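Labels A, B, C, D, E and F are assigned to the chains in the order they are written; within every chain, residues are numbered from 1.
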Amino acid sequence: MRILVANANTTEAITRLCADAARAAASPGVEIVPGTPRFGPAVISSGLENAIAAHGILDLLAEHAGQVDAVVLAVSLDTALEAARQLMPCPVVGMTEAACFAACMLGNRFGLVTFGGTESYRRLIDSHGLTSRCAGLVGVDFTPQRTLVDPEGAVRAVGEGIARLVAGGADAVVLGGAALAGMEPALREASPVPLLDGITCGVRMAEALARMKPARTRQGPLAPVRDRESLGLSPALSALLRGA
Amino acid sequence: MRILVANANTTEAITRLCADAARAAASPGVEIVPGTPRFGPAVISSGLENAIAAHGILDLLAEHAGQVDAVVLAVSLDTALEAARQLMPCPVVGMTEAACFAACMLGNRFGLVTFGGTESYRRLIDSHGLTSRCAGLVGVDFTPQRTLVDPEGAVRAVGEGIARLVAGGADAVVLGGAALAGMEPALREASPVPLLDGITCGVRMAEALARMKPARTRQGPLAPVRDRESLGLSPALSALLRGA
Amino acid sequence: MRILVANANTTEAITRLCADAARAAASPGVEIVPGTPRFGPAVISSGLENAIAAHGILDLLAEHAGQVDAVVLAVSLDTALEAARQLMPCPVVGMTEAACFAACMLGNRFGLVTFGGTESYRRLIDSHGLTSRCAGLVGVDFTPQRTLVDPEGAVRAVGEGIARLVAGGADAVVLGGAALAGMEPALREASPVPLLDGITCGVRMAEALARMKPARTRQGPLAPVRDRESLGLSPALSALLRGA
Amino acid sequence: MRILVANANTTEAITRLCADAARAAASPGVEIVPGTPRFGPAVISSGLENAIAAHGILDLLAEHAGQVDAVVLAVSLDTALEAARQLMPCPVVGMTEAACFAACMLGNRFGLVTFGGTESYRRLIDSHGLTSRCAGLVGVDFTPQRTLVDPEGAVRAVGEGIARLVAGGADAVVLGGAALAGMEPALREASPVPLLDGITCGVRMAEALARMKPARTRQGPLAPVRDRESLGLSPALSALLRGA
Amino acid sequence: MRILVANANTTEAITRLCADAARAAASPGVEIVPGTPRFGPAVISSGLENAIAAHGILDLLAEHAGQVDAVVLAVSLDTALEAARQLMPCPVVGMTEAACFAACMLGNRFGLVTFGGTESYRRLIDSHGLTSRCAGLVGVDFTPQRTLVDPEGAVRAVGEGIARLVAGGADAVVLGGAALAGMEPALREASPVPLLDGITCGVRMAEALARMKPARTRQGPLAPVRDRESLGLSPALSALLRGA
Amino acid sequence: MRILVANANTTEAITRLCADAARAAASPGVEIVPGTPRFGPAVISSGLENAIAAHGILDLLAEHAGQVDAVVLAVSLDTALEAARQLMPCPVVGMTEAACFAACMLGNRFGLVTFGGTESYRRLIDSHGLTSRCAGLVGVDFTPQRTLVDPEGAVRAVGEGIARLVAGGADAVVLGGAALAGMEPALREASPVPLLDGITCGVRMAEALARMKPARTRQGPLAPVRDRESLGLSPALSALLRGA
């Protein structure tokens, strides 16, 4: 089984980190294929960049259509998730989506902790229809940069965020964003609830779905398009729009 | 890995069918442990029986606590799901819950088709917080009994139900209830959308969660109880209430 | 008129307290019949115990079916309320349900104050469909035990909780749980809004419904079951499942 | 106990019918006081008339403030219900509100049947926060006038509406509007679910609340006003606005 | 174009202030027609007064029906908005409604700041269906009276309220109530988000709608009434109820 | 005042049609600036194409930033609306958004009629937070192509769709999509409710907002980005991401 781990940022270093985490989570015999878009924001930090990045990640996926068994969107905002499902003939899973659904199967309500603002996560969870399952979101006042020089401070700050979420009713906590991905082992012991890492959950869910070999949706809003013309898109993407 | 496939009905034949389906879905090396309650309704067909059956399935689970790596509730109404999570030290997954979450990762909205009434499924989906992801429910006018003498008629009837759900906006369809479990292969080719079988999804999700080895919730409403007294319960269940 | 005041805990002392409160609230000529389950948790303090207790209270109710004119579930989580409605030929009212609905008829939004955690009440109110009518829940840091040695401190603490709820928009406040039941007279004068006691409201609503002599639901999910087989249940309960 | 049955229409004949129905429902010793507004629409048939009628019924209530123990708003749209609660020192119950809450204590979801359009009822139920408890509304194509010449046809038509609501998941059905009030006995036998009459439920609930002698809300949006000036209102109403 | 700026309070001074603000906002060639009710509360400060004021503002509007091209309800609670739409042959816009909708077209979520309590605004926004677009409400502890003697203090207090709303996720802020109307210029520079003034937005939206010359709704709950009898209403209002 | 009418399709003919309609709706002195993206789908007909088109329209808008006073997104799915608001220093209005909000100011609930499927509109309305204001959506079985040869048939089919929406409770109807844009005059007389055209409403709302000269959001999720790096984007777009 081949799983494409598709970054939506154009920063290769993030792709490598995600691919390493994916390999650590994957079952034996699963090949992780890393992918980085050809164009777009270096690091998505706003809704504007996320909207621009949709094109880039779909352009990337089009290159791999038919050559992988599943896709994990290795980007915290699950960029272009539904469009990716319409584009690709295989299952596509978002890393935050996967972590949220896994959290829902471990407890009644989950929390999400991240660095910085939480508004984009609030809306993402709402778009997944999970608002009623979410006990709260906590944005820790820390940055990925500061984590490099003060890893213990980062763990302490995130741990406090987890404690606040649990006090607010969370039975499980999603670690939101790439910056928190590697922290799960350091946080695990002190945490009173299970912690969910997006890449790990994304790979697990992608494997589970791919093994079911689900039929492709052939009707309705997610059915593949055909005979659609376009201008200035890549050969791979424009071919898929034509249904070629 | 050992997965308990716990029926909530007291009919052994249903347990055997579910265990066979679970074995077919499980990864190599996963042992399926079937379980049937010692008391309760023969076949749950109403909310009243479902409420009574909660005790029976928790009594059954208590016997296996600490001896299995995950539990799949092999009952269409996910009987006592949250209480089971509080009781057991390992992940517990409901078969309909698992199918609904898997469907959510394949499309935007899912439908559910079953034999008979749909009201109990409507409420189950609502209790899972997935109402906004559900495009509709269809109750096919057929019975498990009639399926035995007219299997082709059953497939045709369910197929028509699937078509109605797709016309109503479903991108994926959950096959609700044990009666439809074996039908997925017969329905697959004609279906314009992927079909989700509860036992298959339950086993896949249970494996995925168990492999993450999630910490147990130690705080909040799902934390294990301790020092709780009781009257007339089984030794295993009363011991777990005492926190023994 | 005979009203069964059915405890879901197996502690007789709680049943006696509830029965006394019910007698104080009942109209002249109404007989209060106390009932305690034969098995189950001594005192329900978690969702796990509540799920187990459903069987016990339904077992208890089955003994009284046809012999009482109404039932009040004398348990703060309205244990097995809907199943009880399906089981019994007479109206069944939950004590928290009754207090919440009464509060809705006195003001636009109500609050609920209780000892300890509020999550189970939050979900109960949601299951009653009243979330939009609920201005907030306050869990006072006090215990029934401490109330015995410091009754004035308990009144003061609950009074502060009521003040917080009113500041948050509550026009009426439900006293949640048996522990607060007797406190209404002590709290009344200082409270800026009406206070609702579950047993009092439960008895009043049970009387009001019983006097209407509502027909029994004969169709749909709450219709009585018939011809249902079971294993290891009490003669009374298994007979009602058979429709005898 | 004295209960004001306050019509919001200015048609005395409707007031008399409602008062007669209220007397039939009231407990022994309860005095029913009928009331008709001095001005306003003859028969409320639209949102516009309902908005105008709010003044008239509040003007009427002001005349009785302090002289009755409870009020039943004998008007299908529960006209000015919340304002009436703020105005009056005693409990105020709307007839449709009371029937809906009573229905909620008899089953999980209720339906409502009425003559003509259902949109105003849909919104009323929504304003009561009960949308999730409502299985449907059916507007029967019949008029109060036609009922006089074809009472059997009316019963048949309403009965068919009830059957549709039950098929759609209603466990109980509210009879909406004065025109259906007297029909409950004729409909009862054929109905597969209990039927709720607004005046009967209103009187029952008003009695239940009045017997609790709830304290008046003294804080928040429903607290009595004081020192409010006005122009051209009746002496009784303007006095209450001044807090006199 | 003639726009009626209809106050729902009977205080002429408020009408004059609103009319002045409306003239400042109106396009060249638009005539602002001020209107004050003949009866009702001097200043609406509660739900009770708002319910009474509905009659007064509808009575006022009836005098102008057919003589103006649009109406702005110059009252913070959008008193009798829907009834006014049913009554009048031209567009009717509420000042708070208009500001909220304008805010929705400038950002994802808006906040609202006002003097005093926020509960009535919370419910108004909910009745407009905009709860999911509202990031929060802040009631500043200030009064219109104190504003006269300490205008700088008022601006500072409202500015702090705006800052709190923005911290809570508001992309734009509605200035609620007449008391804040004139403050927009003083607040603008310090505010990190756009501010919406009700009268300004009301006039702008009324112009926009009137220029479309929308057909009048002829069917459904907002269709004009006809042949409706009434008692004691003004000649103009009773004539419109008769459809004259 | 200059208003950019920005198409999200790369088909110039659609841009011209929209610009002509915009000019017809604009006030005297308003200059309409048409714009077509340099790349992307020819005609957006699916979620996939809409996700790709977001980049194209943002690329187009970046060329005009600072040179126009407002933007109307001339595309039925309001493509990249929020990202456009974050990108641009002036108000941005979506044509369907504008029509829906205008409809909300003309009646309580609106309907939407379009050619073909309605699912994408359902979700768009939900994303605008207006689901509770929407009475229904009707997809007429007609195509833009067929309209050219059978314009009367198209008007008849859309008229029937409008009638269905009104029967379902719509007080106003939005004409969804460019294909229905020109039809409003032909439909108006027969329609029992007002009809809203997206381009007309978009221009009216853009003018109304631009005349208020609202401050730009400087804080929160819609604040302009700065110092963001990117790869392979146009000079104008990458410059705006850098905050240049």
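Just so it is clear, a contact is a pair of C-beta atoms (placed from the backbone, for glycine too) under 8 Å apart; a residue touches a chain by one contact, two chains touch by 3 or more.
Here the structure is a predicted model, which is why all the values come from computation and not from measurement.
Peer 1: Would you mind checking the shortest number of contact hops between subunit E and subunit F?
Peer 2: 1
Peer 1: Taking each chain's centre as the mean of its C-alpha atoms, give the chain farthest from subunit F.
Peer 2: Farthest chain from subunit F, going by C-alpha centroids: C.
Peer 1: Have a look at A-F, B-C or C-D and name the one that copies the E-F interface, over half of its contact pairs being the same.
Peer 2: Selected from A-F, B-C or C-D as the counterpart of E-F: C-D.
Peer 1: From the mean C-alpha coordinate of subunit A to that of subunit B, what's the distance rounded to whole Å?
Peer 2: 27
Peer 1: Between subunit C and subunit E, tell me the centre distance in angstrom, where each centre is the average of that chain's C-alpha atoms.
Peer 2: Those two chain centres are 44 Å apart.
Peer 1: Distance-wise, how many Å sit between the C-alpha centres of subunit B and subunit E, to the nearest whole number?
Peer 2: The separation of the two C-alpha centroids amounts to 53 Å.
Peer 1: Would you please write down the residue numbers of subunit F that are in contact with two or more other chains?
Peer 2: 82, 108, 119, 169, 220-222
Peer 1: Okay, in this complex, where on subunit A does subunit B touch?
Peer 2: Listed in rising order, the residues of subunit A that touch subunit B are 27, 82, 85, 91, 93, 97-98, 101-102, 104-108, 128-133, 166, 169-172, 188, 191-196, 200-201, 204-205, 207-209, 211-212, 214-223.
Peer 1: Would you tell me which residues of subunit B are touching subunit C in their complex?
Peer 2: That would be residues 10, 37-43, 45-52, 54-56, 58, 80, 82-83, 86-87, 117, 119-120, 220-222, 225, 228-233, 237, 241 of subunit B.
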